[in-house]
Amino acid sequence: MITLTHYLVLAAILFSIALVGILRRKNLLMLFFATEIALNAVNIAFSAISKYYGDLTGQLFAFFIVAIAASEVAVGLGLLIIWYKRRGTIDLDSLQSMNG
Amino acid sequence: MDHILSLLVFFPALAGMLGFIVKKENIKVYGITVATIEFVLSLILWLVFDPSNGGFQFVEFIPLIPNYGINYYLGVDGISLFIIILSTFITLVGLISLNIEKNLKNMIISLLFLEMTMVGVFVALDAVVFYIFWELSLVPMLYIIGYWGGELRVYAAIKFFLYTFFGSLIMLVGMLFLAYLYYLATGTISFAIPDWHRLILPYDYQIWLFLAFFLGMAIKVPMFPFHTWLPYAHGQAPTIGSVILAAVLLKMGTYGFVRFLLPIFPDASVALIAPIAFLSIVMVIYTAMVAYAQEDMKQVIAYSSISHMGVIVLGTFAMNVEGIAGSIFLMISHGIVSGALFMLVGNIYDRRHTKLLSEFGGLASVMPKYATIFGIVLMASVGLPLTIGFVGEFLSLMGIYKISAAYAFLGGTGIILGAAYMLRVYKLAFFGPLTNEKNKNLPDLNWKELTSLVSLVAVIIWLGVNPNPVLKPINASVESMLQLMEKKAITKEAKDIFAHNKVELEAK
Amino acid sequence: MVEAVAFYLFAALTIAMFAITVMSKNVLYSMSSLAAGMIFISAFFFLLDADFLGVVQIIVYSGAVMALYAFGMMFFDATKDVKEKNPSKKIVFFLSGMIALLLVIILLSPIISEKVKALYPMSEEVGNAEAVGVVLFTKYLVPFEVAAIMLLVAMIAGIILASKRMDESITLKIDQEIEKEQKGEL
Amino acid sequence: MEKYLLIALFSPLVGSLFAALFGAKPKRLLTGIVTSALLFVSLISSLILLVHIASSDDIVRVKLFDWITVGSLNIPFGFVADQVSVIMMVTVTTVSALVHVYSIGYMEHDKGFNRFFSYLSAFVFSMMVLVMSDNFAGLFIGWEGVGLCSWLLIGFWYHKKDETRDINPSISPSWAANEAFIMNRIADLGMLLGLFLIYWHVGSLQYDVVFAHVDLLNIGLVTLIGIFLFIGAMGKSAQFPLHTWLADAMEGPTPVSALIHAATMVTAGVYLVVRAFPIYSQIPDIGFFIASLGAFVAVFAASMALVNTDLKRIIAYSTLSQLGYMFVAGGLGAYWIALFHLMTHAFFKALLFLGAGNVMHAMNDELNIFKMGGLHKVMKYTAILMIIASLALAGIYPFAGFFSKDKILEVAFDSQHYILWFMLWLGAGMTAFYSFRLIMLVFFGEERYKKYGFHPHEAHWYMLLAMAPLAILAIIAGFFEESFEHFVTKILPEYHFHVHGIVTVALIGVTTLIALSGIAFAIYKYSKGGFSEKWKEHPIYKLLYNQYYIPIIYEKVFTEPYKELSKIAWKELDLRVVDATVDFIANVVYKSGFAGRVVQSGNLSKMLRWMVIGLLVLIVLVIVYSPVR
């Protein structure tokens, strides 16, 4: 029997994979990918909870997350392209102008 | 008359906002007009004030956040009434004597804003409102010191701001906790000070809360050893800044003592008389000595301010009518006198652009009017009878004598040491031969300076000869406060003190 | 039983896909595996009776988002292997591992489910898409509209950002260039 | 009668304010005339009151309005003219009216003419407040008021610069003024404490309430009150060890010295003891201490007068010495005798000072008596007046000093304090000697002033005329002894002598003898050219000449260490410890900010790592503080 816990653990694992990506990769594009994974992991958790508590709110939350992810990709990619045009690289370490 | 307090608080600020659209040439007249109206309003307040009523009058109450007991709650009693009048009076006098060219408009607007915060602090009966005004008062002062000050102005301004701000934050924590305790005791949260006055707290809580409040206020007073921001602030501030700082802003601290510490924590206050008296006495003697060593005229007066504030604190913790009423009167008199002294130093600074005592000498022969007024104010400062300075000092020391003769004696050394450093200044600046060439053609006071100073001198002598109109309302309020404290006292020590802290005729 | 098999199968697939996404040096591989992972995730939604969400997942993620990425990648040199100087892997894996471990611990612990009361209970009579639609257009109408506006804004922003002639944009010039320009060097 | 009381009190104030109007203006003779006239008004009112009280025994009381009302404290502006205060009023107004007239001449060339009269009349007002007040607080107002005026008047010639002690032992007028003020403040603190003590145990500061209540207080308390009040009296009356200011106060104009530092203000301490007799008669031990201190000062001050060369300082020491006599009488319970001596002393000492003023005027403010001599030829009247004053001071029959001073010696003998009596007796001899040393050196002998190129001249006729009444009083005042006693003992306690007849006569004889021999010795010695120069090298001479080195000791022990300490307090303690601590805390915060700045390197991947670490910490916290266990 697959319980809520199964789903949640799966979500946790996926989220950790995303974290690995966020931490490990320096390529901004890869960071975007990792972010998507993290969002999806959370989505799974939401819909699982929604199902096991019999409440639609979780699903709707996931739905809005998808919307946000889509917008994020649109804007983020735009910015990324600009950056690439100007600098010729999308390496994270090149984003150093915020030096404190 | 229902909303006279709101009018008093917000009129200067609103008028200050309007000041932005006033032409540059007219701004000074505008400022003086506003301050005069404000002053007249405060006098009207006094006129309609019922001196025999010890409670709060002209109370205004508008709920702001009722769930958390935060309300727009104003009121005035004998304790705050005269400090309000002092604030408006000093602002007016300061504006008249204002002698600044640089960005005059901003100066006058900040002064009017400052006036709002000062009056606001003294009329607030809700701790949150009190705290808001308390903190807001830092902003214009920071600007005044930081923009118009001397060479080290930024350092001085930041030190002033951060130091006092630090203290107030601890006080804020105290306030929040007190409101929480109120909630535990009654089931509703309240930030109203009169509500807190009725709250009887356990002794341990009292001590800790007392310390939290005390720290915030002690820095403002400033009590030794939290006083070091003051000489810098005074040394760097423009004349008007020093005048208002010494005359009114320092009084917020001692006013807080009377308004919060004594009635809310009577047992803790009694328990901590000894350490506080010790600090005050150190403050009196030590700063008097430091004042004696100063080479800069303004610094002498800055340190003398601290020294006198020590006597005020002593009087406050005398826990009897004489002492507390005396200390409140001393707050007013110190406001007038130190304001006048700073103004006088400002006058000479405007002429010579130096405040170093070594630059002066023999000024009495070139500036006789100046010397005369300085002399009168000086005598008020050292507490000569029939000047305003005596009444408060006499009563404060008399009050603390009942607690302990030693405190009164040690605090009283202030009158000797005070005479020593003030007379030293007077001798160095005004007496002796006129040696410095630059001083030979100094002009005497002009009408602008004379107006402001003479009005201060008039108050000095009037309230010195006839302090009763002021003392009567103070007396009524202090008496009712002491009754409250006596009723609230829980420890034996406090009960003893309140029961015996009055004249007791002895029979053989 | 079918459910269990499906869950484990898709779980393994998703994890594998995403692992490839994260570890691969080639961006194209990463993207492809990400797209695949997304589709596999929608399987969970179907398993969880969230049909509508599953469909949205496939359409939005695998369709729109991945298309965006694909187009975006055309701007970059995607054929090259990504060269990164990675910091110590130990820290990365330690942190992620710890978080995973702790999350699992948290999630394995029993949840007090009795107290949770459904706000919008699922009904058996109507289909999932219908139920979602009802809730979405009644209770969540305002957020929905806001989300729509957000998407619109994001779309416009994306277009403008990607299409503008970057060489002359003042807003994005870095300070040095502005200075140079002021000095008349540019 | 209330009307006269108020006129007597306020007319000096009116005069003072009138003169103050012209304060900074050039000399106006009018100010001098108006203030003097108003003082005569005051004098006449006081006399009317005196006659009224003497004839009807009616005590006049006036209450103007409440001054301070707080708690149970109520201090009114209340004034009383009873037997004691009316005597003081008459004495004060007499001397001050005459001094005012005299000053018109004395200050005629001074730039601060108007200012001077303003201060002088203000002084008289304060003194009247002091003596007429019906409560201790009012007394304190006058007490401080006369202190203020004394400060203003000692420092009247403020423009003079500071000298070393060798050139001018008082350093400068402004220095002397400050010294006087601060010294008095020290004593005032004692007095204030006394007032507090009275208030907290009696609940009032009104004389009648306090004195009615004294019997009920326990004796320790009364002793303490007595001590505190006497500390106040010590300052104002310049008793040891607070005496140094009086000699330095001679820096003020001479009329000031005559009025303030001889006749009136310095006797305020005696007045206080007399006024507070119900307290002091309860505590004879303190009384004896006061008497002992008085006797000590009587001899101590007289010894310094023996060798001094400064005309005014000699008279100042003699004042000090006479104040000692008064305290002996007061301390031993002979209050009316103290008051009597106070009055006669006021007359002849003012006369002496005014005479000295004439001499100074004639000698262009030269004060060294060794630069004078033979002046009687040019200043005949002054010489006569000063000799009258000196005879009175020495206590020769029939001059006023004889009656009052002799009574004090009798009291000392009668109360069986023979040591005190002996000291006073010795003092009487010394007094006679230095008085006539002064007369001889100034008015007789070789005309040394010619060597220094002085051209002395007699003073204005009205100055001499102003002195004449004082001279007459110095001669005849003694004969009012009986009526004076009768008058004031309606309030003050009588002093009952135990020795009578032959012993009294013998005492008078012995005292007169030593006074006469003192005079004779002075005349003999100084008609022959005085003591040899060798005497000046003698350690005793130096000790006396340098006032027992007390001013120097004070400077080394109190003033200079205080200056040093305050420098240390400021530069070391305040700046280096207190302020540095504050700055240190600020610096720690500032520095830790700098240290923590590394975190914000701007590198995104590092930031991400920090973020994840933060996340980890949060999750750990969630686990640790989880509400679900």
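Read from first to last, the chains carry the letters A, B, C and D; within each, the first residue is number 1.
Methods note: a residue touches a chain if its C-beta (ideal position, glycine included) is under 8 Å from a C-beta of that chain, and two chains touch if they have at least 3 such contacts.
What you see is a predicted model, and the numbers here were worked out from it, not measured in a lab.
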item	value
Selected pair, greater C-beta contact count between B-D and A-C	A-C
Between chain A and chain C, centroid-to-centroid distance (C-alpha), Å	4
Euclidean distance of C-alpha centroids - chain B vs chain D, Å	36
Between chain A and chain B, centroid-to-centroid distance (C-alpha), Å	59
Sequence positions of chain D contacting 2 or more other chains	605, 609, 612
Residues of chain A touching at least two other chains	19, 23, 26, 93, 97
Residues of chain B engaged with two or more neighbouring chains	none
Set of all touching chain pairs, with the criterion as stated earlier	A-C, A-D, B-D, C-D
Of chain D, residues touching chain B in the complex	23-24, 65-73, 137, 140-141, 144-145, 148, 155, 158-162, 172-175, 178, 181-182, 185-186, 188-189, 192-193, 195-197, 199-203, 213, 215-218, 221, 562-563, 565-567, 569-571, 573-574, 578-579, 581-582, 586
Residue ranges of chain B in contact with chain D within the complex	159, 162-163, 224-225, 227-229, 286, 289-294, 320-322, 325-326, 362, 364-365, 368-369, 372, 379, 382, 384-386, 390-391, 394-395, 397-398, 401-402, 405, 408-409, 412-413, 415-416, 419-420, 423-424, 427, 430-434, 465-468, 471-472, 474-475, 479, 502-508
Chain D-touching residues of chain C, taken from the complex the two chains share	87, 91, 95-96, 98-99, 102-103, 105-106, 109-112
Chain D residues within the chain C interface of the complex	605, 609, 612-613, 615-616, 619-620, 622-623, 626, 628
Chain D residues touching chain A - in the complex, by the definition given at the top	597, 600-605, 608-609, 612
